[in-house]
Amino acid sequence: MSLAADIFTVLCLLAGLVFFAAGSIGLIRLPDPLSRLHGLTKADNVGLFFVVLGLLPQAGSVLAAVKMLLIWLLLQVAAGTVAQILAEYAQALGRSGGGRR
Amino acid sequence: MSLFFDAALILLAIVVALKVVTGRDPLTDVIAFIAYGIVLTLVWVRLAAVDVALTEVAVGSGATGLVLLRAAGAAATAKQEARPGRVTKGLAALVSLVVFLLLAAAVLAWPKPQPSLALAVAEHLPATGLGNPITGVLIVFRALDTLLETVVLLLALVGIWALAPDRTGARAWSGTPAPLSGMTPSGAQVLLAQLLLPVGLLVTVYQFWAGANVPAGAFQGGAVLGAMWVLLLLARLAPLPRLEQPGLAVLVLAGPFAFLATGLAGWVWAGGFLDYPEGIEKPVIIVVEAAIVVSIGVTLGLLVLGPAGPQAADRPGADAS
Amino acid sequence: MSLPMIAAPPPTLAGALLVLVVVLPLLGFLPFFFLGARIAERLALGLLALGLIGALAIAAEVSGSGAAVAYFIGGWAPPLGVALRADGFSALMLAMTAAALLATGLFAMTGIGAARPRMPPVFWPLVLAAACALNLAFTAEDLFTLFVALELLTFAAVPLVCLDGRPAQYEAALRYLLYALFGSALYLLGVVLIYGLYGTLDILLIAGRVAVEARSPPALMLALALMSVGLMAKAALFPFYLWLPPAHAGAPAAASAMLSAVVIKAPLFLLLRLWLDLAPQTLAFAAGPLIAACGAGAILLCGLFALGQKRLKLMIAYSTAAQIGYLCLVVPLAAGAADGGLALTAGAIHLVSHAFSKAAMFMAAGLIYEALGHDRMDGLRGVGRALPVSLFAFALGGASLMGLPPSGGFTAKVMLLTAAVGQQAWWIVAVVMAGGLLAAGYVLKVIVPALQAPDRPLEITPVSRGREMVALALALGAVALGFLPLEPSPFLAIGRPGAWAEAVQ
Amino acid sequence: MSAAPLIGLGGAALVAIGLYGLIVGSDGLKRVLAFNILGGGMFLVFGAVARRGADGGFGGDPVPHALVITGIVVAFSATALAVALLNRLAAASAEEGKAPSDTPGGPS
C-alpha cells in the first residue's frame, strides 16, 4: 500500500516538474509578454496541481491534505489575477506584441 | 541530497543579489529584490526557522518590496550621481572580498559545540504559559526590545508624515496620502480583494492566536492584516484614510501603549516593569498581542501609503468629488 | 554549556528610575496624534524636566551607594533577559543629556513665530524619542538592545534634520540616514559574530569571558572591528564625517544644538565602552593607536575644514566633526593600565563640556542668523554690539573648544596631555596642541570681526532675550566644568572594571 | 558538512555583495536596495548560528530567531523612511524645476 502511494507520488511529482520546466522554458523562449504569461500560468497551474496531488498520499492527516488543497486553490486565484493585471499593464504600455519587455 | 538543494538555493540568492546590485533599471532591480526576499524565505525554512521565514516573506520581501516599488518611479526622475569609476569599483570589490573572506573564516571557525540560549529558553518557557519559544523571547524574556521595536515603527511613521508638504490651516500632515496606483483597478483585481479579504482576516487571527504555541505571531499576523488593507485600497474598495482621524490614531497607538501600560502595571501586580502577573500571564499576553497585531497592520499600511500628498481641495478650481 | 546567571539586583527606587527615564519620554507621542501643539510643548517640557530630575536622582544614588545601579527587565536575568545598568560614567551621561535636552526644549519654546521649529507637534515627539533612545544607549547592557537604541536615535534624528522642509535638507537627511544604516548594519554584524562566539549579548558576561581567554579568537577581533567602524560611521568620526556638516548645519537651530551636543555622543560612548569595558585589555592596547589615528585625522583635517568655512553654522558643524576626535585619543591612553583613569576622566569631561559649549554655540549662531537674516562669516562685523549676550555665549563656548582656562575644555585637555606625557605618547601631545590652535583659529575668525564696528549700520531683527539666556547658561555650564579638580574622578570610577577602580583609591 | 556552515558562508557572500552595492551605488534607491541585501545576508549568518545552537527540543536557538524578526521589522522601517525621503526629494526637485541646491544653512 505504502509502496503504491510512493510510486504514485514520484510519478505525479515528475509530471509536475515537466510542466514547470515547460512553463519556465516558455518564459525564456516566447517572444512577447502575453504569450509568455499564457504559457507560464497554464503550465505552472497544472504543474502545481500535480505536485499537490502527488503529495496528498504523503500528508499524515486529512486536515493536512485539505490544507494543501486550499493552498493550491489560493494560488490559482492569485496567479490568475496577477496574470490578468500584468496583461492589462502590458497592453496599456502597448507592448502586447513584440518587444523585449 | 538536501545539502545540494541548500547550495542551489544559496547560489540562487547570490545570483539574484548580484542582479539587484549591478542592474541598471530601478523597476527591474526592485522586482529582483522581491525575488531575493522570497529565496531568503526558503533558506529560512531550511534553517528550521519558520517564524523568521514568515516575517521575511511578509515584511522583508512583501512590505519592503511594495515600498520600494513606489520609489522606483521617483528614482527614474531623481538626480543621478556620477557613476563610480573603475578605480572606485575595483576598490569596493576588494574591500567586499576581504570582508567576505574574513567573515567566511569566522563562520568556519565557530566554536563546537555552539554556545546557545536554547536550553535556557526551554527551561523558563513553561513559566510563561507559552508554547512557541520565539514568542516567549519576543514578548517575555526580551520584551523591552519588542516594545521599542513597535516604537521604531511609530517613529518612522511620524518621520514620514513630517515630510508632507506644508498646508495652511489644520495640522501640517493632515489629508490623505497619494493613491497607491494611478490605474483603475481591473475586475480581476477587485474580485481578488473580495475573495482574499476573509481569508486574510482568518489568517491574521490564526497567526496571532496560534502564535502563542506554533510558529507565527503578532508581527506576521499584523503584516497580513496590513496587506489586506493595501489590497482593498488597490482595488478601491476602501477609501484612502484621512491621516488626522482620531480613530486611526487609536489603532496606531493601541499596540505600543497597551504594551507600555502592561509594562508599567507590572510594578503594581507583579513586582517589576514588564513582569506579567503570575497565573494569568497568557491571557494578558494575548490581549497585548492582539493590540500589537492591529497596530502593526495599520502602521505597516500607513508606512506603505506614505505622507499626505497635495490635496485635491488645495488646488484652485478642483473639486474633491 | 550554560553561562552563569547574574544574581538579580535588589529592587531599588534608582533601578526603577532607570526604566522610567527610558520609557516615560514615549508619552510624548500622545499629543502628536491627539492634542494640539501647545499641549505637546508643555507635556514635552514637563517630561524633559522630569527626565533631568530622574537622571540627577540616579547620579545621587550611584554616588551615595558607591555602586552601579541595575535593573533586570521583567525580572529575567541575563543572558536570557535584558539588563539596564548605570555606573558612574553612564550616570554622568544621563545627567548631561537630560540637561542639554531641557535647555534645547527651553530654547525652542521661547522662540517667536517663525523662529519656532516647523510642525511643533512633530518636533516635540522627536526630541522625546531621542531622549528615550539616548537614555537607553547609556544604560543598556545588552548589545542588541543597544542596536535598537541606536536605531531609535537615528529615526528621531533624521526627521529633525529636514524639519524645515527644504530640498537641501532632504538631501542631507537622506545622506545621514544612509550612513547611519551602513553603520547599524556593520554594528549588528559584529553583534552576530559575538553571539556566535559566546552565546550571550550581555556586555558584562562577555567581558568576563574574554578576560579569561588565553588568546582572543580572530572572530572577536573582526567583530570589534566591524562594530567600531559602524559606530564611527554613526558618530561621523573621520573618515566618515561627510554626512555631518550639511545635516547639522541645515537643521533648525534647536535641532542642530541637540544633534551636535548629545545625539552623536551615544555612538561615541558605545565606542569607548566597547574598547574599555568589553574588549580584552591586550586587544584594546593593540587597537588603541589605530582608533586614535582616526581621532587625530578628525582633529586636524576637520579642524582645517572648519577654518575654511564661509558660513557660521557650517563652521560649527565641522568643528563638531573635529572635536569628537579627542575621544578617540582617549582609547589608547585609558586602555594603558596605570593612569587610565585620568584619560577616561578627561574624555568624560570633554564629552560633557563639548555638549554644553557646542549647544551654546549653535544656539548663538541660530540667534545671529535670526537677527541678521544670514550667517555668512564675512557679514558678521558689528554683531558684538547688536547681540552682546549671544556673542558672549558663543565666545565662552569657543573658549572651551580652544582649551582656555577656566573651561571644561581646558580641564579635559590638561588631563589628556598629562596622561599622554605619562605614557610618552608624544604624537598625541602634538595633535592636542595643534587641535587647540586650529580651534583658536576658527573661533577667533568669528569673534574678532564681530567685535569691530560695522561698515554700515546693521539691520537687526530683534531676538528673544530668553533664548539668549539659554545659550549663555549652557556656555557658563561649560565654563563651570573648568573648576573640577585635575585628577581621576572617583565618581566615574564607580562600577568600572577593577584595574582602574584600584588606581583611583 | 551540515547546512548551517554552508548557509553561513552564503550569508557572508550576500553581506559582501551588499557592501559592494552600498559603496558603488549611484543613487539613493540603489543604496537602499544594497542595504537590504546586506541585511538579509547578515540575518542569514545569524540564522546559521541559531541552527548550530539547536537544543532543548527546538529546531534552532530561539533567541537569534526573535532578534532577526525584530531586525527585519526595523530594516523595513528604515527602508520606508528612506523611500519617503527619496520621493520627497524627487518631488521637491521637480517643483523647483532644477537640481537641488547644495548650500546648507538657511533659516534657523
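Here are a few things to note about the model shown:
A, B, C and D label the chains in the order they appear, each numbered from 1.
Just so we're on the same page, a contact is a pair of C-beta atoms (placed from the backbone, for glycine too) under 8 Å apart; a residue touches a chain by one contact, two chains touch by 3 or more.
Computed from a prediction, not measured in an experiment: that's the story for all the values here.
Across the two candidate interfaces, B-D and A-B, the one carrying more C-beta contacts is B-D.
A straight line joining the Cα centres of subunit B and subunit D is 13 Å long.
With centres taken as mean Cα positions, subunit C sits 31 Å from subunit B. Chain centres here are Cα means. That of subunit A falls 28 Å from that of subunit B. The set of subunit B residues touching two or more other chains comprises 103, 107, 110, 114-117, 119, 121, 141-142, 145, 149, 152, 155-156, 159, 163, 165.
The residues of subunit C that reach two or more other chains are 80, 144, 148, 151, 155, 158-159, 162, 170, 189, 193, 196, 199, listed in rising order. Shared contact sites, meaning residues of subunit A that touch two or more other chains, are absent.
By the document's touch criterion, interfaces exist between A-B, B-C, B-D, C-D.
In the complex of the two chains, the subunit B residues touching subunit A come out as 183, 186, 188-189, 191-192, 195-196, 199. By the touch rule above, subunit A contacts subunit B in their complex via residues 74, 77-78, 80-81, 84-85, 88-89, 92. In the complex of the two chains, the subunit C residues touching subunit B come out as 1-3, 11, 16, 19, 23, 26, 29-30, 32-34, 71-76, 79-82, 118-119, 121-122, 125-126, 129, 132, 136, 144-145, 148-149, 151-152, 155-156, 158-159, 162-163, 165, 170, 189, 193, 196-200, 217-219, 222-223. Those residues of subunit B that touch subunit D in the complex are listed here as 2-3, 6-7, 10-11, 13-14, 17-18, 20-21, 26, 29-30, 33, 36-37, 40, 43-44, 46-49, 51-52, 55-56, 59-60, 63-64, 67-68, 70-72, 74-75, 77-84, 88-89, 91-93, 95-97, 99-100, 103-104, 107-108, 110, 114-119, 121-123, 133-134, 136-138, 141-142, 145-146, 149, 152-153, 155-156, 159-160, 163, 165, 217, 219, 300, 303-304, 306-307. Every residue of subunit D that touches subunit B in the complex is listed here, in rising order: 1-21, 23-24, 26-30, 32-34, 36-37, 40-41, 43-45, 47-63, 65-70, 72-81, 83-91, 93-94, 99-100.
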